[in-house]
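First the structure, then my questions, so here it is.
When the chains are written out, they are named A, B, C, D and E in that same order, and each has its own residue count from 1.
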Amino acid sequence: MGKIVNIGSRKAGVAPGTLIHIGKKHLTEPEITIIDYDADHFQEIIAENIEETYPFRDSRNVSWINLCGVHQVEMVEKIGMHFGIHPLVLEDIVHTDQRPKVEFFDPYIYIVLKMLTYDKDKEELTSEQVSILLGDNFVISFQEVLGDTFDPVRDRLRLSKGRIRKQGPDYLAYALLDSIIDNYFVMLEKIGEDIEALDDELLEDPTPKTVEHIHRLKKEIIFLRRYIWPLREVVSTMQREESPFIKESTAIFLKDVYDHIIQVMDTIESYRDVLSTMLDLYLSTTSNKMNEIMKVLTIIATIFIPLTFIAGIYGMNFEHMPELGWQWGYPAVWVIMSAVAIGMLAYFKKLKWL
Amino acid sequence: MGKIVNIGSRKAGVAPGTLIHIGKKHLTEPEITIIDYDADHFQEIIAENIEETYPFRDSRNVSWINLCGVHQVEMVEKIGMHFGIHPLVLEDIVHTDQRPKVEFFDPYIYIVLKMLTYDKDKEELTSEQVSILLGDNFVISFQEVLGDTFDPVRDRLRLSKGRIRKQGPDYLAYALLDSIIDNYFVMLEKIGEDIEALDDELLEDPTPKTVEHIHRLKKEIIFLRRYIWPLREVVSTMQREESPFIKESTAIFLKDVYDHIIQVMDTIESYRDVLSTMLDLYLSTTSNKMNEIMKVLTIIATIFIPLTFIAGIYGMNFEHMPELGWQWGYPAVWVIMSAVAIGMLAYFKKLKWL
Amino acid sequence: MGKIVNIGSRKAGVAPGTLIHIGKKHLTEPEITIIDYDADHFQEIIAENIEETYPFRDSRNVSWINLCGVHQVEMVEKIGMHFGIHPLVLEDIVHTDQRPKVEFFDPYIYIVLKMLTYDKDKEELTSEQVSILLGDNFVISFQEVLGDTFDPVRDRLRLSKGRIRKQGPDYLAYALLDSIIDNYFVMLEKIGEDIEALDDELLEDPTPKTVEHIHRLKKEIIFLRRYIWPLREVVSTMQREESPFIKESTAIFLKDVYDHIIQVMDTIESYRDVLSTMLDLYLSTTSNKMNEIMKVLTIIATIFIPLTFIAGIYGMNFEHMPELGWQWGYPAVWVIMSAVAIGMLAYFKKLKWL
Amino acid sequence: MGKIVNIGSRKAGVAPGTLIHIGKKHLTEPEITIIDYDADHFQEIIAENIEETYPFRDSRNVSWINLCGVHQVEMVEKIGMHFGIHPLVLEDIVHTDQRPKVEFFDPYIYIVLKMLTYDKDKEELTSEQVSILLGDNFVISFQEVLGDTFDPVRDRLRLSKGRIRKQGPDYLAYALLDSIIDNYFVMLEKIGEDIEALDDELLEDPTPKTVEHIHRLKKEIIFLRRYIWPLREVVSTMQREESPFIKESTAIFLKDVYDHIIQVMDTIESYRDVLSTMLDLYLSTTSNKMNEIMKVLTIIATIFIPLTFIAGIYGMNFEHMPELGWQWGYPAVWVIMSAVAIGMLAYFKKLKWL
Amino acid sequence: MGKIVNIGSRKAGVAPGTLIHIGKKHLTEPEITIIDYDADHFQEIIAENIEETYPFRDSRNVSWINLCGVHQVEMVEKIGMHFGIHPLVLEDIVHTDQRPKVEFFDPYIYIVLKMLTYDKDKEELTSEQVSILLGDNFVISFQEVLGDTFDPVRDRLRLSKGRIRKQGPDYLAYALLDSIIDNYFVMLEKIGEDIEALDDELLEDPTPKTVEHIHRLKKEIIFLRRYIWPLREVVSTMQREESPFIKESTAIFLKDVYDHIIQVMDTIESYRDVLSTMLDLYLSTTSNKMNEIMKVLTIIATIFIPLTFIAGIYGMNFEHMPELGWQWGYPAVWVIMSAVAIGMLAYFKKLKWL
């Protein structure tokens, strides 16, 4: 994540429905893959241009069109026009700063959410916007960059594993959602490992770096919440809303996804609480250390300052200082000094500083 | 913003419905512009007096009357009487300290909200109250000062861009709302940039100025929330309420505005959390620094105070101090001093201060 | 306010409906004023005893009976019996520690709330309980002491300004509510001015007095919330509940009052947040100052303590100290001392303390 | 209160409905009093054994059986069986760690809540569980120990004061509830006095004892909330639920009790906020004091440390120190020292430390 | 608990309904016990393989099959297939990181929750997932390891204590739930004892260990909440939902369980508040101690530093220092020094440092 501002520069003053790509301009070439299947049949195409996807609008099988690279605005526009997508939806697809939401239109459902990945090397979260259009015989998914999150779904389709080939596009859309949310767990687990490592560090040998790291994680948790919290409503709306595109047999799987989101949110909240607790502990620890430092300084200073004063007295050069001439003057001073030092130590003992 | 108090001096004890301007008295001349249009027709008038607006009440086209300068109470009163506006509404228009709200009256809808602009030079937010009256063939908007926020809407009308010329006054009101809320994003982006700059400053070289700046932003966020939070309800009421003035085709655009407001609120909440996190980090950093300072002082003081004491001892002028006459007395003292210093250093090593 | 406890001594163990005055015993004489009016007619009486109010129960005009001095329990009891008020209501009227509420009885509505005034000299809020009984042709208001809050309403009645004389007792009750709530704005504005003054003080020259003042305001805000928060429900209940005593034409004015209360609450919440932010800033500032103080001490001490030690070395009186006899001993010591001092300064420079 | 744990040792693994007393084993003898009354008739019996209560099940008057000492499990069981009480209810009566609740059974209503008393000497809250069974002609109340909270109700019954003798058992149950909740006000008032005393102490002369006291009160507030919060629902359920045992004439009195509970909760919340504010003030005060202490130390140390260094220089015993032989050497040193001291003071003046 | 991360490694990218055990791999052998009973009949079998449980699907009595060791995935799969359990449910049973929930399927109800035990030696909470399947004549419970929590239920079945043998499987499921939740109280009591011990420690002799312990408890409370909070909804759903598997006679017992969960949650919230209060107290205490330490240092240093300076003055070796030759020079210095010391002490007295 790293970045605090992630609302992107808005296109204030532009007519609604105008397609302008907002977000990181990725350099990768756009990639379009088409998978067309039913229980018995499976076809996978890597399309070279957007027009190749057109025939699949009227395919009798389930068609999944995956388009990587939404910065190619004209491509999104073309496919949108062909499949009859509302201009405001197309606008949202190319604006990669959407809040997760679901919207029901007449011939399709529009779902937008965030795919999150954790780059362990950079210790950074990266987020990517994924849009899913679910029609009665197609699913169109839009990604910012090519990733491997959907690979397991592709594999299940290819190998006809599980029930996926026997179900409709709603089940496919569910499978895509599920694979994105399963990735959240991977990411949370990695954050969790970081937190545990920091917790050990905190108890053993905390440094200013530790507290910076805790703060970084806290900041990331703030943005995670913002991305994931609305998902709860997205999925519950999908379950609740009566739509011809979502069959009852798929609804039970959506319930499962909903449970996972709740669990992700619970975990995030727990992490947030734990991080706060860790910061409190750090402050207490720092405070304790300061106390220890001050005690050492105070003990040394309060013992030796009076002694140095006494030595100073008898370092004076007055002509008439009778003590200086006494036979036992020097040992007597040592006795007095020792008494002062022992008295001080006893006092500190009483104060429980020693 | 800068100002904490912004409720204005109320006119306690005045009969309700009495028009008294409350707010900053702007010096600018009031300006009245009238745009009268339908799909085929477009007319733009800069009116010299308020009476010029009267005929447009009965225009068959859509009429947009924009009045800058609500401190001209009598003008507001005149137009209000002519268009049949309730006295309490007129009172709210000239009171520029309203909470954003929407009210449904029989022949019109009244919407009031805040236009926010961020003055980057002064690093200050300024807010201006905008009132919108939506009737069945007119929109009247009231501004405090002349600004450029509505210019894109005017341009779209002039150039007949997008669907705006083909739609009714409800779409125009939506377009005005949308242009105001799009400006919030511009403003949030600027605040976000400030926050990121502060975050870097905090990690690299925090000064008391940094923390003052964070506090200033926090205070501004408090007031932003207060202005924007009620908008959520305003727009959702507009969608929900069945009013003859808002067509169904416009409702979908209001949904879009609603989503934007939610996103603004989410961003504000995130900013608030991030600023709090930054303040915590600042306190930890300060605490750490104090620890560092104290350590240096303590190390230096606790090493040299005992040594100085030893030197003080042999600076005494007693006649009978056998050590002073010893051949190796002076080197022996150096040995003792070195031992004390090394012991101290070893102790600090053990305490992990070095 | 000043007082933290303001629940008064309850009369534990007394039968419900027993009238016992709870609150500050005000010394002022009770005062009873009667205003009887309709659109054409206006009569104002200062009654000498409570019995003078009796005939107005059956007046065909609107009668407003204002009774100052609820500590005169027997007066409240007499008028209550005559107008058929429930004993529990009478009990609440004389208990001046009620939570704001509205209750609907068969022949009347009972409203109780707090009138708040800010004594700028004492920098103190004072609160007074006001009870309003709204019947089908009368309004009876009970105050603790004589004040000027209702004067504007009286003036409007006398001068027949606005719509008040043409409306029924429900509009009068609204006008009284409105004048009380308008006063809250006056009070909030004064608190707001205090907050702004404190904010300036905080940035320029904070003293322990400043923080005490902030805390005092925070405590007052806590009690304000407690007085004003329930009002929200009071007014919304009055709007919602279908009562023969509140006409529809008055309901729109109650909506206005409701909006004002929400605005008061918003302002109070903002003040609370701002005061918290100010306290945080104060703590950061204090922390920074401490750091500055410690730095100065540490710099001076760590530079001079080693130097003093060196001087102490050559102040020793050993017979055999070869350095003392050297020709360039003294200048050499100066050179060493300067080197130490410069080294220290360079070190502090590196630590960015200088 | 004092105790943090107050859930008591549960009887894990025992069949539900098994009667085991959980709570403090009080040493007092159980006491059973029976009051049987109607408007004309009054009879008061101190029963010697539980069997004496049996005939009152079928009394045509209202019967109030008060049983002190629920640790006598077999007594509770006997009366429970005779009056047909559900085993789970009997279990709750003898478990003195119930959360306040109301339950509607067919022939009776079961109410359980806490009686709170504040022991001013020990500065401690004590809580006692009270169970009330309300049938169609009887009220059975169970207390842990003999107390005087119900005495005013007894007196009103004896003297036939107020409406109590004319009403049914539902009014009696209300009167008992009311007397318990009136006691909460007494307790809150006492806590409020403590808070005010602490607040004064805090401003004048705070000690570590003060902060400990504040923390103790905070802990007590936490437990008070836990006891009182559920009461709100208890009473609102009693009002809402249509039960043949609660007459409409009593419902209005329950509304009064409900208002009192809300007021208690409001007061508790305010106290909590005030206590938090006081702790913040304490921390600021402590921080300020530390600053003052550090300033004094720093001023003294930074002025005298350089001066002592200068004195140390001329205390060195080098043979070749030309200054020592100068005529005006000694006064010159005094001049230098004064200049250093004045410079330092000027610097502190500039830093506003003086 | 100890572990912060407890979401387990998810099986991202696997088809839903695939059974993969997630959680700690326990080494214990799986154990299957079958209890088949009605009011008159009781049979207890320790099954050696999962097939032995098959006949009980069609038993006319109530059958309780308890399976310890869900890491034996194939066993869970076999029994699941035989009893007709949905693959997603089987997946949840072997994933031991479920959020507590209840799900209603056609021929059974699925309940999953956490069993919590507190290991007093390790001062650690351990949690285990328990799944309960309730059909119309059977209850199947799945545990991770063999424990003794269900022993009291077994005993009641064996000895025919209470109503358990006369009731159906819904009552058995309730009894299992109840025994698990009763254990929460045991655990809370132990945590409560820890908190009380820490509270005493805090007031008497707090060490950094104390604060670490408080933080550990706080972290555990965070996770407890996460496990127990959803239970509230589980049980209330079971009460609310009309299911043929839960009889009305059992519903009243579920109400009891619900009350217990609320009480557990209340206690957890109180503990959390108390722990926060304790941390605040610790910080105040630390702050106070620091103040005390600084005072001692400052008093000693500010008294002796000027005195040492004076002594230093007269330790200088200037040839022309008239004071050195004075008869009363030495006593005069003592007088001056005493005056300075007394003045300092008087000043500290004034500052209330002594």
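FYI, a residue touches a chain if its C-beta (ideal position, glycine included) is under 8 Å from a C-beta of that chain, and two chains touch if they have at least 3 such contacts.
By chain, UniProt protein names: A, B, C, D, E = Magnesium transport protein CorA.
Bear in mind that the values here come from a model prediction, so they are computed numbers and not experimental data.
Engineer: Rounded to the nearest whole Å, what is the centre-to-centre distance of subunit C and subunit E, using the mean of the C-alpha atoms as each centre?
Structural biologist: 42
Engineer: Taking the mean of the CA coordinates per chain, how far is subunit B from subunit C in Å?
Structural biologist: Centres of subunit B and subunit C (C-alpha means) sit 26 Å apart.
Engineer: Residues of subunit D that contact two or more other chains, please.
Structural biologist: Residues 283, 287, 290, 294, 297, 301, 305, 308, 312, 315-317, 321.
Engineer: Please classify the inter-chain touch graph. Allowed labels: line, ring, star, complete, other.
Structural biologist: Graph shape, chains as nodes and touching pairs as edges: a ring.
Engineer: Following the ring of touching chains from subunit C through subunit D, in what sequence do all chains appear?
Structural biologist: Starting from subunit C with subunit D next, the chains run C, D, E, A, B.
Engineer: What does subunit D use to touch subunit E in their complex?
Structural biologist: 3-5, 7-18, 86, 88, 97, 99, 101, 103, 205, 208, 211-212, 215, 218-219, 222-223, 226, 279, 282-283, 286-287, 289-290, 292-294, 296-297, 300-301, 304-305, 307-308, 311-312, 314-317, 321, 323-330, 333
Engineer: So in the complex, the part of subunit B that touches subunit A is made up of which residues?
Structural biologist: 151-152, 155-156, 161-164, 175, 178-179, 182-183, 185-186, 188-189, 192-193, 195-196, 199, 203, 252-253, 255-256, 259, 262-263, 266-267, 269-271, 273-274, 277-278, 280-281, 283-285, 287-288, 290-291, 294-295, 297-298, 301-302, 305-306, 308-309, 312-313, 315-321, 351-353
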